[in-house]
Amino acid sequence: MARLKTAFASTFICALLVAACGGTTTPPTGTGVAATSGAPKADIKIGLATSKSGAANFYNPQQSNGALLAVEQINNAGGINGAKLQLIIEDDGSARDQGITAFRKFIEQDKVAAILGPTLSAVAAGAHPVAQQSGVPVIAISNTGLGIVGKCDYGPCDWIFRASLGEQTAVPETVKAATSKLGLKKVVIIYGDGKFELDDLTIFKDAFKANGVTVAKEIAYTAKDVDFAPFVTQAKAEGPDAIVASSLAGPAGKILDEVAKQMPGKRVIGGNGLNSAALLSNANAGLMIVGTAWSRASTDKANTDFISAYKAKFNTEPDQFAAQSHTAMLVLADALKRSGNPTDKAAVKKALEATKDLPTPLGAFSFTADHDVKQPTFVMTAKDGQFTPFQ
Amino acid sequence: METLLEFFRTYATAIAVIGISALLALSVWLTLYAGQLTLGNAAFMGVGAYVSALLGRHLDTPFPLALLSGALAAAVIAVPLGVTVFRLRGVYLAIATLAFGEIVRVILLATPITGKGQGLNGIPPKTELWHIYLSLAVVAYVLWRVQGSTVGRAWAALREDELASASQGIDVRRFKLASFVIGALIAGWAGGLSAHLTFSIDPSDFGFSKAVQILVFAVVGGIPNVLGPIVGAVVFTALPEILRPLKDYRDIFQGLILLGVIVFLPRGLVTFLDVRRTRKLERIGAADVA
Amino acid sequence: MLEQLYNALFVGSVYALFALGFALVFSVLDILNLAHPTTFMLGAFAAYFAMTAVGLPWYVAGVLAFFVCGAFGIALDRIAFAPLRRRSAPGLSAMISSLAVTLIVVRLIELRYGGDFITFPAGAVPSLVLRIGDAVLEGIRLGIVVLSIVLMLGLTYVVRRTQLGRDLRALAENPRAARILGVDVDRAISATFFVSSALGGLAGVLLAFAYNTLDSRMGLPLELRAFTVMVVGGMGSLPGAVIGAYILGLGEVASLVYLPTELRDAFAFGLLFLVLIVRPTGLLGHRAADRV
């Protein structure tokens, strides 16, 4: 027994050493999809930092798959002026320091042309400044909060672009549509204590004010709450015309159920957190009203092609996060082509800024002067397990 | 040479985080060595982080002064807390300090100046690697010297038997409070360093999972000497990066390694060399003297 | 108001169901089993698997999950705790080995079912809704309230009045003496883990049914609450844990009604802190302070 233990211990130490060396001396071990044989030009590397583990791991595999599909399609169609794209995917672990290390690895070791990600806004708050300092273009694919592009807390952020519809745009559109169609006078907001939820709370309050709707009460829940009945009971006491869920999909599902039970006939208005495929299987999903960046029902050719190709490759329906990462990759590839020299980062940045009405699953794609996505908001509800336009 | 530089540039943040983890592990080691199981050091880290970042932002306080103020703020808060929880031991103390940590988190979430749940963003990255490793060297050296001194022996005695120590004339209250407050001071200093490393802090960085993580570093490394917590912090902060090639299976292997270490070396990684000796002693029935 | 009282009763029952198994292991073995939230989650997934992949009805799936989790508890003990006992390792090590098991099991579930929450197929779990005026009563929620009280009474009976209970109490007082007195210590420990984990798993199934949703991290929010509940009720006291759970549930709902909502969480931990300072033994506890 004693010998066994010593053997185990020494194997463990050896394994650690091997792993440590392996991690530093081998070439990048990302998910390369490019064919390396016979390529006339060097591959163009793109980094994707995404939450494959940790609290936000549910955005994957869709977020990775959307980009992988785009890279495959671009390479099959001849790549970037003859050069193949190589996508390197790193897990950001839903943690800020891991996100920063992933970004540094892309920049220092892989020498990527541009970076997509990371998944969470809280991680982006640490990772984006790293790319900004090094002058590497970034396209955010799922950060919807305040301070991602345009005016950022850490100073200039002119290397950062965003392909994900910001809540500043989506929420006011949602509130406008809901107010006019439902004749809202008074609402109650139930909100969580995370960065995303609090950003949403601010934006919702402003939007309701602009539409002349009273916010009768704001009720905070915490990430540790499991039961939402007391919150909805509390909201009901105010006699609101609708409930606003400034939350992620998990709590939103429980709020939907409670509203259905306690306040029959009332609707739930939400932000991007409710754009979740998992939420669609909730029996009360039909109550929600949400602004989305992507409509499955859009009949643009770019969109229908994307949906059928995605289903063929991954044997599952794409969601908004797949559509957004797919779009970001298309936008990036288009800019790399137009830049003339994909290794010249300033040229790529300039080309990104000049993106004009590129056909993508999200619609004709352009950036605003602030590097934010310029696209329509689809105000949706759910029916039969699908997002459908809210009318 | 080029690859080495590249390695350092890539892993600069990871290496910095390792150093900060080691400081935090030492901060909790100090209390564990004196027999107090506290889970409050994540909150003290948070106090240091917020105070130093806010001073820098609103009063343009020079960086070293801001760091020091953060550490002192944590220590000042630790005094009344330490006095209050003095009577508690073991799991009770752990849960009381955990409750304190949650109260700090709730206050951070409810106060406008701390940015509530959105946290503070755009904190200038002033922390250099040498700041962290110089702090670590100083703290480790001081603690190592203290461990060998009368104070260190008093702490060890407290850990083994509080009643006996008191009867031998050790001022239990003062020694316990000292280890608690100095632990908070170190954690607050580490918090200030970490706030100026990753551009952004928010209350969730200093919650229950951080408290448990710090404890894991110290316990898995080993309590017998100051090397233990440092080894534990280095190994278990580096592990996620080392295991990166395993991709989806990274957490599983991390769990397996953690389980293997704690099961085969329950007194910590640093007891690895002692294992054979202990085995022999166990066989002759003298494990207690080891 | 009455509605909020009913909500509080339900929330308290949820906390009680979760905390019972947690408190049982702590009272007998002085172990803070950080894998308890994982067992809770595993129960929900075992039932989900039984219902969707095997096609069993919900009540059979629930019973199955109870036994699966009980077995998991015994395995957990053999893997994470028994080796530490053999080496007479410090109590802290058990916290860490259970944490390691959590890391592994949560990730395995995520690899199989994804990290996002999932929902039971429509109609798989019957919903019985009674409306009394404005208020809504739900069958499953009432069932959980009743069950948590029944389980508390049953468990108290087992601990107080049966041979197994006597063995457990002997074990809790002094393992070495218990062994000398002829208590089958290994069997008693296995029984403790079986009951604790089976209850934890059952709690997971019931909650997944009540909310019609399950995910890999569903147990974590309850962990801190379980600490609070145990301290308030008295560490090591099973009826205390249940009473503590109802006090916490009531307190949380009351502070939602009467306090600024942002400070609601401060109530729970303020209460915890206060109890520890004023009466560390809790309401029904008797041991003054714990060994280190």
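Letters A, B and C mark the chains in the order given here, with residues in each chain numbered from 1 onward.
Please note the rule applied: contacts are C-beta pairs under 8 Å (C-beta built on N, C-alpha and C of every residue); 3 or more make two chains touch, one makes a residue touch a chain.
Keep in mind that what you see is a predicted model, and the values were worked out from it rather than measured.
Asker: Work through the pairs of chains, note which ones touch, and then classify the graph as line, ring, star, complete or other.
Answerer: Its topology is that of a complete graph.
Asker: Consider the two chain pairs B-C and A-C; indicate the one with the greater count of contacting C-beta pairs.
Answerer: Looking at contacts between chains, B-C has the larger number.
Asker: How many Å are there between the centre of chain A and the centre of chain B, using C-alpha atoms for each centre?
Answerer: 34
Asker: Could you please state the distance in Å, as a whole number, between where the Cα atoms of chain A are centred and where those of chain C are centred?
Answerer: Once rounded, the distance between the two centres reads 35 Å.
Asker: Between chain B and chain C, what is the gap in Å from one C-alpha centre to the other?
Answerer: Inter-chain centre distance comes to 29 Å.
Asker: Quick one: which residues in chain C touch 2 or more of the other chains?
Answerer: Residue numbers touching two or more other chains: 107, 224, 262, 265.
Asker: By the touch rule stated above, which residues of chain A touch at least two different other chains?
Answerer: 53, 223
Asker: Can you tell me which residues of chain B touch two or more of the remaining chains?
Answerer: Only 109, 248, 251 qualify.
Asker: Contact residues on chain B for chain C in the complex?
Answerer: Counting only chain B, the residues touching chain C are 35, 37, 84-85, 87-92, 95-96, 98-100, 102-103, 106-107, 109-110, 159, 208, 212, 215-216, 219-220, 248-249, 251-252, 254-256, 258-259, 262-263, 266-267, 287.
Asker: Going by the contact rule at the top, pick out the chain C residues touching chain B in the complex.
Answerer: Where chain C meets chain B, its residues are 26, 30, 32, 34, 79-80, 83-84, 87-93, 95-97, 99-104, 106-108, 111, 223-224, 227-228, 231, 235, 260, 262-263, 265-266, 268-270, 272-273, 276-277, 280, 289-292.
Asker: List the residues on chain C that touch chain A in their complex, please.
Answerer: Answer in residue numbers: 3-4, 7-8, 10-11, 14, 107, 110, 114-119, 122, 129, 136, 138, 207, 211-213, 215, 217-218, 221-222, 224-225, 252-253, 256-257, 261-262, 264-265.
Asker: Any idea which chain A residues touch chain C in the complex?
Answerer: That would be residues 53, 55-58, 60, 218-227, 229-231, 233-234, 249-250, 253-254, 257, 261-262, 276-278, 281-283 of chain A.
Asker: Could you pull out which chain B residues touch chain A in their complex?
Answerer: Those in contact with chain A are residues 3, 6-7, 9-14, 17, 109, 116-119, 121-122, 125, 197-200, 202-205, 235, 238, 240-245, 247-248, 250-251, 257, 260-261, 264-265, 272, 275-276, 279.
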